[in-house]
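Across the two complexes that follow, chain A remains constant while its partner is chain B and subsequently chain C.
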Partner chain A sequence: MNGFNFHRAYSIARKEVMHILRDPFTLTLALGLPVMLVTFFGYAIDYEVRNIRLAVSDRDNGPAARRLKEVFSSSGYFRLVEPGPAGPVEMLDSGRAAAAVFIEPDFSKKIKGGGQAQAQFVLDGSDNSKAAAITGYLPGIQRAAQAKLAAQTIKEPFSAETRFLYNPELNSRWFIVPGLAAIIIGLLAILLTALNVAREWENGSMELLLSTPVRPLEIITGKLAPYGALVLAGVFFVYLVSRLVFGVPFEGSHLLYLAACLLFVTAALSQGLLISVITRQQQVAMQFSMITGLLPSMLLSGFIFPVESMPAFFQYLTMLLPPRWFMAAARGITLKGADLAELAVPFLALGLLSAGMLALAIKKFKTDLE
Partner chain B sequence: MGNFSIRTENLKKNFGAVKALNGVSFDFSAGLLHGLIGSNGAGKTTTMRLLAGLLKPSSGRISYYSEGQPAALSELRPSLAYMPQQASLYPDLSIDEHLEFFRELYRLEPEVYARRSTRLLNITRLDKFRGRRAGQLSGGMYKKLGLMCSLLQSPSVLLLDEPTNGVDPISRREFWEMLYDLAAEKILIVVSTAYMDEAERCSRVHLLDSGHLLASGEPRAVLKEAGASGFEELFVRQGAQK
Partner chain C sequence: MNRTLTAFIKKELTQTLRDVRMRALLFGAPIIQLTIFGLALSTEIKNIKLAVVSQPGDAVFGRVADSFYASGWFVRVGCAPGEDPYELIASGRADAVLLAPKEGLARSAERGDGKMQLLVDASNSTKARAVEAYSKNIIAAAAAREYGARGEPALKFDVRVLYNPAMESSMFLVPGVMGMLVCLITIILTAMSLTREKEMGTFETIVSAPLSDAEVLLGKTVPYILLGLADAALVVLAGYLIFGVPVRGPLWQLALAALALVVNTVSIGTFISTVARNQQQAMLGGFMFLFPAILMSGIMYPVENMPKAVIAAAYLDPLMYFVRLIRNIMLKGGDAYVLWTNLGALALMAVFAAGLAYKRFRQTLN
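Right, the complex of A and B next:
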């Protein structure tokens, strides 16, 4: 009776496998949904802002002004629109343009005479993520325009070249897809466990199980192991989509990636178990899972906003989130080919969080119905 | 198989402000078929869960005895079977798969399992439906499957919480016949029910109302003492007095 009995844990795991295989919803949720979501959002989300509607107020209409407009349109980021009688500012007001450029009346004349011409650039600051992206494009556009208008390369006291390692073309999908996969896989693991175990509490089967000689640790092991395997199968399909559909490179060790996935999935499954033990109701467990699993992963893991730019308190808070560390490890392994020594901190953090979360779930798993 | 008995003294259980049990004392001795009788909310399920060790009393004591000697619940646990009131089986598992699952939980030897499962399937007359999933069984068959899972370990103490609730009269009669056979094997059986006609089938009844024990004893003696012709009348009278 005392101690962990592997056979009993195995029999619970076997029962769970039967439930999974006979439940098309769970199978679809675990294997199909991550692939579908990663494909869908992988295409939908792009940090690069393109097709920016640029209202042009050209009061010069000279050759230099035309060349300046060509630079904007040939950059691939901007689509030039005529302001019409309303004027560029009204277009910004109504959202028909995200930026406007004002070219002064004697713009071409001043350039031809070797003077300094003025062109003012106005941005819609109400959408600051788009405004920040446009601001990032402007220095490059300005350099290209100056070179074109001066008909020669401007001699600068020194030249600074920027080269991007690991993602030379700054393909944002290479950055987004592994992060997206982490969020979806993490949420799925939390949801699957939370709902499954809460269902057992809700329909009374846990009451029956607890009255048998089976130990809580055997129940936990037997329940988590099949769902862990199922989520890892989901990870494999997401990996295939990342590589084959989005062409995300994989520079590092697959074994190391699997180890990171194992730690992350264990932490997520334990979180789901903890939620189910506390709530014991499927509906409440679902809400808890969404709140604790989705929002922190999306907003505080470094997926969208860099952790370094958060206030100090939130930077410390993110340390308690497994997705933050998994995201760092996954991006490091896939894009940089980082090894274990280089990823020691994310791995250590993931290991500690997984162990801590599992220990807490086991501690909270009561052997009575109180 | 040990000869077990259970006694409770002044047992109380509160859920927040709700007093589910208000100082009840029972004496459940082996070899008898004990009935916990009462309407909904009387405290039957709370008593069952307390006896099974799934709830802790707010106050009072539960004492377990093996061969007349005090024993801990942990000693009793391998010989204790509990069948909850709720539909707690797995609708997508067949009868055979349920039995196999509980065999593994109880770590029964294959030959012991084969002997017991064959016997139980014969008694319950479910042997023709072994491949049918629990979710496709009738109410009576479902309850019989629950009982089979509980009996697989050949328990000395059997706690059945409203096992005949929602079951048709013929299946109820069959169910009680099975309980008589088990009681004859010196098993301590405690069965709760809200059906008053079932009270007379028990060898001892314990009448519960709103967490209070109204009476205990042999059914006819309890009725005689109360001057009632049946348990339904007794409870109606009790309700009118309140």
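Right, the complex of A and C next:
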């Protein structure tokens, strides 16, 4: 009775695959979610915020004011709108404009006289998705306006020429789409397994399964392997779309990428299993997976919000989260072509966390039997 | 209210809240998420790892480098002499490397073309953009300090940020997160708990009880509407107490907006439960709705910036109207035009969603 019997594990896996295939609804949704995410992040979301509605109150109407307005509209970021009778601030209140610029009556006169003219720039601080972008654009606008307005250009004694490595055009898709694999694994592997195994506990079929000669480890392997394959199919799909549709480069080794995926999938499946053993109820398992699985993948992994910008406590906390390390490895491999030596830390951390998670899940599963 | 219905609702609430883990998740999780959002996440890029490669005895460049580190955005990374700067970036030890010109910055600046080179790891494009913007400002300021300002700039912007002058991310995020959490909890809970009854076969018991279809539906959904509203209140309260996020508009507007949203989401959850056959399907179906709804809502990305087809779809997203409402009420103090247009749209959608859910629910009952 001792030892791991592949045949028995295989039978469990085959049963599980039949379960999955018998339920085309789940299968469609499980594969549909990655498609939707890739389409959204690749197509709908443009990190360079454009079409910002800028209300202009021009009380100068002189040539310099006109040039300043041209600078705004030709930047490509702003769309100038006439303020209504109630004025620009009212437009910000009602959300009909995201920013406003006030040009004083003597603006052109001051510029012509060689002095310094001021323009007041007011922006809506209630919308984070726009405010940060707008403040980021302002220095550039100011430089462009400076060049257009001033009589002579100021020559800087020194400056720096910037070279962007790995993504010279700063295409945000190259940055976001490779990270999506982490979200998809985090979502599908943890949630699906947690729910699936919790269901077996919920309706008592786990006890039934355990009373058969199949050993716990074989049950675990058999139950998790098909989900691992399903998740990898989702990742493969994301890979295809990102390469073929969005032209995201892949500089590194595919084998290394696969290894990173397998490690992270192991960690995620183990986490799902652990949750299901602890909760044994689908609703609780779902909520638990959301908080310990999906949210960290999306928010604390560096997917959008850089880990280095977080307070020290959260930087240490993220070290315990597999998605953080997978994200580092995935981006390093796809964009930088990093090799195993350069990714030693993420791989080591991912390996340790996966092993730890798996050991914990198996231990909990076994102690629960006794 | 009719007594059978009240009892039914009470029973459902007790049942959901009986499990201590469920209580913890329902009321603890929003607080945890809010704290993470408020404390950990900020769109501001900080702690950029910068290495400098200088020529010996170049005091001007040394001072430029110092002003980078003094700015607070950059942290120092050592660079051994003769080390390849590209290798520093490739290995991830540095995010950016500032290279002095070969002859030294002091000499080349005197000739009038001091060109340093800044290598930036652009694998994170947002970060790379921020690094470039910070560097330009720091270098311009350093140049003015070293060689004196060459003429006043002709234009100065006097920037004011309304409603959130310190640009605090918690102020930005609390209203959006509230909408997101309420959606998440109500849709998935409603969908899963109704499907659970189907899965366990207890649904038949309810159907055979002397209750009308409408009573069954109300009894199963009103508890979740109440829980959703409780969570909304909890998030607003926590935002106010922990992060000082204000509620500048009247509370009744806030309550009305939350109610309209929750009726929408609970109806959608009910609808999903009529389609799903088990809880796994219900959960996946919930996400199928939630992901686009959250992405199109304007919480994280501005709606106006999306392609036209997506904008059109966003008009069907109840969360988008709610986010507009809640930002306006909480941070701007409420604007009549924003309130009635968005609340009207939300209410209309709620009536439609509830009607659809009721119709589907009756079909599954019979």
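Heads up, the rule we're going with is that the second predicted complex is superposed on the first by the 351 of 370 C-alpha atoms of A that agree within 3 Å, B and C clash if a C-alpha of one lies under 4 Å from a C-alpha of the other, contacts with A are read in each partner's own complex, and residues count from 1 in each chain.
Note that contacts are C-beta pairs under 8 Å (C-beta built on N, C-alpha and C of every residue); 3 or more make two chains touch, one makes a residue touch a chain.
Being a predicted model, the structure only gives us computed values, none of them experimental.
Superimposing the complexes on chain A yields a three-chain arrangement in which chain B and chain C fit side by side. In the superposed model, A:K336 makes contact with chain C only, not with chain B. In the superposition on chain A, A:K15 makes contact with chain B only, not with chain C.
Judged by the touch definition given at the top, the superposed model places A:H7 against chain B, while chain C stays out of reach.
Judged by the touch definition given at the top, the superposed model places A:S211 against chain B, while chain C stays out of reach.
Which of chain B and chain C touches more residues of chain A is settled by the count: it is C.
In the superposition on chain A, no contact is made by A:P85 with either chain B or chain C. Judged by the touch definition given at the top, the superposed model places A:G113 against neither chain B nor chain C. Once the two complexes are laid over each other on the shared chain, residue contacts for A:D23 go to chain B and to chain C alike. In the superposition on chain A, contact is made by A:G136 with chain C only, not with chain B. The gap separating chain B from chain C at its narrowest, counted between C-alpha atoms of the superposed chains, is 11 angstrom. In the superposition on chain A, the residues of chain A contacting both chain B and chain C are 23, 203.
Those residues of chain B that touch chain A in the complex are listed here as 49, 52-56, 74, 77-78, 80-90, 92-93, 97, 101-102, 104-107, 149. Interface residues of chain A facing chain B in the complex, by the touch rule stated above, are 1, 5, 7-8, 10-12, 14-15, 18-19, 22-23, 203-205, 207-214, 368-370. Those residues of chain A lying in contact with chain C across their complex are 23, 25-26, 29-30, 32-33, 36-37, 40, 43-47, 49-53, 68, 89, 92-95, 111, 114-133, 135-136, 138-142, 145-146, 149-150, 152, 154-168, 170-172, 174-175, 187, 191-192, 195-196, 199, 203, 279, 281-284, 286-288, 290-291, 295, 299-300, 304-306, 308-311, 314, 328, 331-332, 335-336, 338, 342. Residues 19, 21-22, 25-26, 29, 32-33, 36-37, 39-49, 60, 64, 86, 89-92, 95, 98, 105, 108-109, 112, 114-130, 132-133, 135-137, 139-140, 143, 146-147, 150-165, 167, 169, 171-173, 175-176, 184, 188-189, 192-193, 196, 199-200, 276-281, 283-285, 287-288, 291-292, 295-296, 298-302, 304-307, 310, 324, 327-328, 330-332, 335, 337-338 of chain C are the ones touching chain A in the complex.
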